[in-house]
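Presented sequentially are two complexes of chain A, the first with chain B as partner and the second with chain C.
Entry: the complex of A and B
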């Protein structure tokens, strides 16, 4: 009886709690279902269709694993995204650290400048880099005018140009990821270490860096996933010989009209990014556990 | 009684308002000079003749428009779309475009049968361009006469090529194949070999025709393959450039008018297509946009006739492509282009 009494008195409350909890989630859930889950499901479905008849087949997947050029493009995407993630994190770290610790009145200006590139569109910024890095661009023209070089340096239409352009595009996101993490580290820890005789470098190395590893992982993840899915910058700065997954998907959809194969490539790209995000989040949560032990 | 009289009045007003509103037609095509000329030469006269309001939609390339038609199963939000013969064939095969015939578009009967057949039953060829050899008059004293001129020693590092995603590339492979003893479809080996040799001597590849033309404008490039319609615009702009139809011939680019299968105003759309194919409209379009026509009965000035495809004799200088055959081989050619041609340039 007592058990029955307890359950009847608690169950309405639980029901109310669950309805109240989930009601606000309904609108975003519907939006996500309609504009993300359904199209994603359709894309997965298309990847199993044949190009002509629409019959179920694994032909496009088979083509993916046997097509050398596509696999090279996949490998290129991984290398490019990895390099961009590292460059973004390395460049963003000192800036984020300054923003987290500074009390200067210039702090707000620096923060605004760090985020300012996002105000201009990606295509605009990429064209800016094209003007700088092109064979007849600013850098090559200046070096040739000074007489340092006689032939233009290969600064664009290759991996270097794309990594530079993407690093610039993604840098503000890296700064924001790291800033959140660094602001969570108490400045008292650094002061204590310095009072106990640690040098500034030792404080950074033994206190700040280990505690900010979750932020570093976040920045690497943001950099990697944004670079892997970027289209405009690789298309404009990469040139004809630099194909990555995003540009190859575009070609399959609009030029070759092979939507099943494009869907396969998009799915593989999605799996790559989910895999990287999963590994990153596992490392991050393990580090967090260790830090709070 | 009063209420029913009021309702009847409202009903009559709504019916009259609906009937008095002009029919609307959404035409999707290109922006820039194209938009200005099509508005002036075709759309305004069409609106005056039929009392149909035309809404002009210049958003998207032909490839993007086709993707939109495919994604919406033939109801993309526009009623007439300008694409190429390749997309007309593909759209017809996929059942996304309305079939056009002399029954619903009487002027189709006046098109050259050879040209009309290339685009298939869903595309009305309203404009013909060809792959020409564009060159700088101030750099090359003797005008080139052959595709082989691109391999001239003087042009080393002075030519630019399209990427494979620009339709020009596949056509260039085909025409170089024919010029070097191969054919248009099954034996394109000589074409790829010639392209690889050209790639080594080029300054690189560009996908967009508008970016390609910047290279010849600033003198970085002295010669390049280019659609003759765009080449003519450069000539007319006063640049020291000219273009030729090389002696080995060329391959035409046929622009087509298409009506998506489930377009909202299909009746008005077929009227527009038919109007565009009228003799007077074709003459106006050919003289305005400086392109060729699939109608060989048009009267145009001699200077335009000399450069454009307007007669049966002109058609003989062209190699008409089997676009379905090209589409079937496009993926394989694209892979080969990356392996042989792009690799040769690097």
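Entry: the complex of A and C
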């Protein structure tokens, strides 16, 4: 069978057919080329132009490295994304472990609660956190009413508020990446360790955790990259007091109309994400090799 | 020791689930509270904020978002099915490279795609495409890769002997696509289109660059208001749009029947 298939695929009649196989592809390829590839290329080109679209220059790049405010924003983005990645992974792990192992009828409920908020969209959830964390919000007015504090605690418009909001938004993705990994670990390994006398804690520490490292890495990656490029949550929960790359890019495009600089910031964000994803996938593949050897 | 651990594990699970549901409950409570301060006393609850939604302030953006999401979902469905056909079914020459091209927008963050498209439209002098036309193409770029991937997965799993059987029985190419291929990839395609609908309806990071006065989507209208106030009518808008999304998913599921895919995943 394989031989016949091979020989027909090389006959001239078959080659004619292969042109036909391209035809349906034309429509989506043209749309993506025109509205994705060309704009991306233009954005990279614009980043090397001067503001009046004249000469080629590195001015916007040198402004990026020399502007203190911008660098602070970049640093904030990295710190915030790192914290969100860790929080997401720590909170997602118990949920994913429960979902991977449980056979109880509550499993479906927990799964629905863990994943369903994703449908609600970012605005609804961020709005919920605003009501909870605002200066006149839920927590502050309750604490002030009880009399524990006289001034509202700074819960929003800062790093804390943004990290809480983003962790909530990204958590389902962390659960999903950990779940895939945990489901791949045979429960028999845990059972045999327990039969041999290991405590629950020892089983988690010496069996489940080491075997789920690839899942942990991919959850950290998802957390970092999604947080670094999130716009709405930092805009609402961070506000003017906590600007990150995404909100600064937005200002450059719509308020300052500095396109070359906006392009530079978008490029830096893109390089940061691709770099993190690349390093992460290298670590992942190395780990996978070690696990299978 | 093990018992203590099991209890601790359950407590932490409950705490995490509370963390997940708390903001949703707060928004629902706010949407029925009479004053901007959230109240949890059912006797005070009111549906007044929902009545206030029947106003062009909210209806216009809502209708724009619905039309946008529907157009984007259908367009991405058609384009995605065509792309997946070439790549995953007909296996055109260089199909792996072409597949990575079709999926490439996924690895670019949304906000970067948004900047790229708005700079492209502005510097190419296509200012009049800002607003609805720009939103449509940008959302297609956003959602197309997901539809391609889901449709391609369905086509990879397609058993080509069925196609051969239909050919032997005398079915022409059009008939084989209509009666053999399409019914079998339908659920994959529909889940892609549902995903595209939700992604477009809720989108912020791309839309924020492309809206213009009079042509603003619902989520952008809401965040523009949220920057100034915690008006309870916003809670009602959010809950209503969540209900709309759930309804849309049920409708898609009724037409496409894609949930079979999730239940019977290990066929």
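Criterion: the second predicted complex is superposed on the first by the 255 of 293 C-alpha atoms of A that agree within 3 Å, B and C clash if a C-alpha of one lies under 4 Å from a C-alpha of the other, contacts with A are read in each partner's own complex, and residues count from 1 in each chain.
Methods note: a residue touches a chain if its C-beta (ideal position, glycine included) is under 8 Å from a C-beta of that chain, and two chains touch if they have at least 3 such contacts.
All figures in this text were calculated on a predicted structure; none of them were measured in a lab.
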| item | value |
| --- | --- |
| First (chain B), second (chain C), both or neither touched by A:269 | second |
| Chain B versus chain C as contact partner of A:243, first or second or both or neither | first |
| Which superposed partner A:255 touches (first chain B, second chain C, both, neither) | first |
| First, second, both or neither for A:157, with chain B first and chain C second | first |
| Contact breadth on chain A, by residue count: chain C or chain B | C |
| Which superposed partner A:76 touches (first chain B, second chain C, both, neither) | neither |
| Intersection of the chain A residues that touch chain B with those that touch chain C | 239, 253-254, 259 |
| In the complex, chain C residues that touch chain A | 1-2, 5-6, 9, 12-13, 16-17, 19-27, 30, 37-38, 78-80, 82-83, 85-87, 90-93, 98, 101-102, 104-105, 107-113, 115-120, 122-124, 137-138, 140-141, 144, 148, 198, 201-202, 204-205, 208-209, 219, 222-223, 226-227, 230, 234-235, 238-239, 241-242, 245-246, 249 |
| Residues of chain B defined as touching chain A within the complex | 61, 63-64, 66-67, 70, 90, 163, 165, 203-207, 220, 327, 330-331, 334-335, 338-339, 342-343, 345-346 |
| Chain C-touching residues of chain A, taken from the complex the two chains share | 18, 20-25, 27-29, 31-32, 35-36, 38-40, 42-43, 46, 53, 91, 94-95, 98, 110, 113-114, 117, 119-132, 134, 138, 141, 168, 171, 199-201, 225, 228-232, 235-236, 239, 246, 249-250, 253-254, 259, 262-263, 266, 269-270, 273-274, 277 |
| Complex interface listing, chain A residues touching chain B | 67, 69, 135-136, 157, 239-241, 243, 251, 253-259 |
